[in-house]
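Down below are the structures I want you to see.
You will see two complexes here that share chain A, one where it goes with chain B and one where it goes with chain C.
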Partner chain A sequence: MPTIAVDAMGGDFAPEAAVEGVASVSLNTDIQCILVGNERRIQKILESVPYNPENINIVHASDVIGMAEDPHEALRRRRDASLLVACRLVEQGRAAAAISAGNTGAAVLACARHFPMIPGIRKAALASVYPRQIEYPGQDYLALVLDVGATVRCDASELVQFALMGSAYARRVSKVAAPRVGLLNMGREETKGGTVLAEAHRRLRTLSGINFVGNVEGHELATGRADVIVCEGLLGNVVLKLLEGLAEVVVDLTAAAGQRSWRWRAGLALLSSDVGRLRELTNYASYGGAPILGFEHVFIKAHGRSTGQAIANAIKVAAKAARDRVPEEIRAAIAELR
Partner chain B sequence: MPTIAVDAMGGDFAPEAAVEGVASVSLNTDIQCILVGNERRIQKILESVPYNPENINIVHASDVIGMAEDPHEALRRRRDASLLVACRLVEQGRAAAAISAGNTGAAVLACARHFPMIPGIRKAALASVYPRQIEYPGQDYLALVLDVGATVRCDASELVQFALMGSAYARRVSKVAAPRVGLLNMGREETKGGTVLAEAHRRLRTLSGINFVGNVEGHELATGRADVIVCEGLLGNVVLKLLEGLAEVVVDLTAAAGQRSWRWRAGLALLSSDVGRLRELTNYASYGGAPILGFEHVFIKAHGRSTGQAIANAIKVAAKAARDRVPEEIRAAIAELR
Partner chain C sequence: MKARLVFRRAQTPVAPAPRLVYLWDLDKTYLKSDFDSLRELVKIPFEKAEDKIAAPGVTALIRGLRNFATRNRREVRVYFISASPPQIARAITEKLALDGVVYDGIVFKDQLQRLMHGKFRHLREQVGFKLTELLKSRRQEPPAAREYLFGDDWESDPLIYSLYADAVAGRVAPDELADVLRALRVDPPLIDEACALVKEVDHADAVARIFINLERRTPPANFHSFGFRLVPTFNYLQTAACLYEEGVLDQGGVAEVARSLLEDSAYSADRLANSLADVERRGHLSHSAALLLGESLRVRQLLPDEGLPRRMRWRAWWQCLRARLRAPQPPAVAAAPASINYRAMVAGELPAESHSAG
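Up next, the complex of A and B:
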């Protein structure tokens, strides 16, 4: 199994969540982890949890990039930040992939600085995953949407590349042989959404090696129509945050009502399995993060609110993506395109 | 009270829903309605419900535009369609406003054909309303989002005009003195979202006569941060359909589970008031429709699934918007801009 560099200092619950996640992975898998961050703090947390020392190394980093910091500014000023040190370990071949629950913009920039881009790729993409209804046999319960914020506006060529990258990732990581790829749009008709989307639709439809199911409308994001949803960053970012926001409203409603009323507590107990399906939307712990795609190395961005369990899942996803050579899969798909 | 032209034949439950809605309005208000459509069918439904004949007229229209028809094609071929006849009644001064639950694209085109555009308006906008959390005193429980599909891409000037139109409508119809206007974007910072959104942000911030609260992110759509959310049609359309789709998942889950399990039925009974808040999202009956803005006349587009109660509410909204001179309010705001 590959070695994973883990940014121990990124995320709302760092460094505890990262260290606990690594400790848990060390006991249950053969994955080697390098915890990158404040060595003394990491050591202290490790002393409080069970772990397998044979599977864990620590590399000290003296600085941290805050969640709300301006990414460009942070990368310029904090050269010894844990995120950057983790990426350098991958760059130097000491790790096969990196993960972080920290500042998303900084993670995208760190990849761009330290990882070579796959030949022919025009723009990197930040993906995200979210649970939705399953409609087809073998479908993963998580859908992949990209881009969700590495870009703002995209042209047709960039959208086609996102489709190929997302499809390659889903094939390798979700083990879906022919992931259903959809183009997020304002209507099913192929001419919808202006010239860029119409051109992307036309090219995706005629592309071999991809299972293009056509345009996907907003309401279809909640269904199993597509496994990989392609869009420009502005659209993907708004949609993703809306999904998360609505899920939090559901959780807030049930939590607040649970505190205030015995009726709600009783009702929730009766309903638990189905309310659970709604709550799953905010259960970042079970997702394991999503990739930043377009580079020669694997980087998994875990949610900022990741718990130890979420970090453990992100490490497993990163190890799977590195072991199954997702970047090579993407490189081959892009090479075929040219 | 003004006279409202009602497209009796548009919508999934036409003509029954439209006729029942008009009948109910005729008993409870002084609003005059003209039912436009197949006279015999309308008469037959009227015979089965209580209504006040003094408040209802019928104007025959021999044709209907289907929900799934291509709008351009339909307008070219169906010159006597109920939607077009209703718009002509407004054009001729026989009605003060029109409403329809039919084909949305055809409704936008019908307005463009029969209503003069307000001087200076560059593009008409289709608005929509949805319920969200309330955070400020006096806030309406419905937020207004525009554009949701009359446009695809927009420049900064068009977005600024959408802000002024939406704000004017919310002031008059929701009776909120200074509606909170937000620009849908991928981050709070004023430079986010590319040149068009940054330019729109800069202009909205310096505009007098509008309560601009800044950029609104996806998750904030579920909150009370803004009363009027401004975006280009592609983005608004995807967001609106996603909101509707998720609400339907919630309703489906509760309905399907209710059928299959006594536990769910018992749980739902206990939870009813709070599940009701989620269900409200698909309760189109209570919304009353949303305006097509930019024209000298009022047009209210009701949801395709409108029931009789929804049509009745849409008629009341149309009467209020016409009586309170929403187009004049918009004209004044746009004139000030120039």
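Up next, the complex of A and C:
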């Protein structure tokens, strides 16, 4: 099983969440984890939860990058930050992948500093998974959207590369043989969205080795029409935050309605198992994090508010991506394009 | 004839090194017994010796401890204590013979006799049984004998062993012992017997270490209230490393435990390295001992090569040399806790792992 370097100090609930996540993984799997961060704090938390020490190593890092810090400045000043040390462990070959729930910008920059870019890739992409409807049996209930924040604006060739990277990731991790790729746009017509999107559409349509289903509109994000949604970082980030916000609003409204009248409460009690399933479906902790694609190594960015369960799932995703050689799959896809 | 002048060094009488006593619990400590369900519990009496599985590394450790003591001309005793009925004694003794474990005594709990006396509740009672058996065994030992006790985190071993150690040391008076045992609902005749035995034994800080095998993966912090004398360990390499630091096992003995884990139990070198690092971080193994052991196991190719750059290798070599110069010495006095408030512990005021009588 691969070794995963875990930035223990990144995230809103660090280091408790990271340590609990690693402890849980150590008991239930053979994945080896390296917890990176303040050794004394990590050890104290570890000793208070059930864990298997045979699968856990700790590497001390004296510094932490805060969630609100400027990524460039933080990377320059905090050379012994847990995030950077975790990336260095991957660079040195001591770990096969890294995960962090910390500062997203710093994570992308740390990858760029320590991991070589896959030849031919112009920009890395941050991907994210979200739940949606299933259109056919065997379809993964999670769709992949990229980029959601590693870039701001992109040109057509970068969007094409995102499509290839997302498709390769879905093939290896979601085990979908020919994932459907869609381009997020304001209409289905291929000329919609301006010159960049029209050009990206034209290139994707003519590209062999990719199952391009055309433009995907906002309302189709929740359907099963596409398994991989491609967009530039600014738009992707807005979409991701909107989906998260909506899920929270639905859960809050349901809870508030239950408090308002006994009829609602009774109705919700009858629907409790379905409400629970809905909550589970919209709970980011279940999905375990999203990959930063385009580098020769695997990096999984977990949600800033990740709990122990979310970190545990992120570790499993990272182990799967490393074991299934996602970077090699992307490299092969990009080589074909060239 | 030439006269030879012979210088004789004044000979001071050297006291023989105290006897070493290793006392092992059987189920979940020596054996990987599965009695999580009633079905598994019922199966145990019908198991043959070859069906029983020893915990990974335990046989290598027991053999290593005896060999080390013999090589150093120290008296050694290995005992087993089990709350299982004597009806399984044959399978157990055959199993120990199969494993090549030489022992000096084994005690079982006579469940049938208790059943015939109508004491159904006491079938699962362990505290009174084990404590009185430990005290009886103590009477047979010379006062200076040093004891190492091995149990697990399934039932009451941490409490029984600590209570025994402190009673023998004179830190727990018979009346306090009686209060604690009453709170644990121990059979009254056993309470009287235990208190009488405590009065009989020569008080001495006899118990050097209590090792608790974390078979259930209980968080080590749950045992902090028992003090530093009690060492929770996740596998027998960790136990062996601590015994090496105690001066009762050599590097070769630790290596045999590591080899047994690698070859017989599908451990990897990385898992062994992580185990050693964990027991060091928890403060039960000194840095110098960890360095020496690490180097010795790496030389034997039982731990992964660290693959350090040249500069770091020099630093590691220098650290090892310093550690060797400060080679671990057996502690003069057992690392006993200042005092354990057993009354508060059994009243539930202190966090203590599973101290129920059951």
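Note that in this section the second predicted complex is superposed on the first by the 319 of 338 C-alpha atoms of A that agree within 3 Å, B and C clash if a C-alpha of one lies under 4 Å from a C-alpha of the other, contacts with A are read in each partner's own complex, and residues count from 1 in each chain.
As a working rule, a residue touches a chain if its C-beta (ideal position, glycine included) is under 8 Å from a C-beta of that chain, and two chains touch if they have at least 3 such contacts.
Keep in mind the model is a prediction, meaning the values are calculated, not measured.
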Looking at A:332, would you say it contacts chain B, chain C, both, or neither? Reply first, second, both or neither.
neither
Could you tell me if A:217 is touching chain B, chain C, both of them or neither one (first, second, both, neither)?
first
According to the contact criterion defined above, which of chain B and chain C contacts more residues of chain A?
B
Would you sort A:67 into first (chain B), second (chain C), both or neither based on which partner it touches?
neither
Taking the superposition on A as described, I'd like to know which of chain B and chain C A:39 touches: first, second, both or neither.
second
Would you sort A:184 into first (chain B), second (chain C), both or neither based on which partner it touches?
first
Quick check on the superposed pair: does A:57 touch chain B, chain C, both, or neither? Answer first, second, both or neither.
second
Would you sort A:48 into first (chain B), second (chain C), both or neither based on which partner it touches?
second
Set of chain A residues, in rising order, touched by both chain B and chain C
none
Considering only the defined contacts, which chain A positions touch chain C in the complex?
3, 27, 32, 39, 43, 47-58
Which residues, counting only chain C, touch chain A once they are in their complex?
216-221, 234-235, 238, 267, 270-275, 277-279, 281-282
Chain B - residues contacting chain A, complex
133, 149, 152-153, 184-187, 193-194, 197, 217-223, 233-235, 237-246, 248-250, 253-254, 257, 263-264, 266-271, 274, 277-278
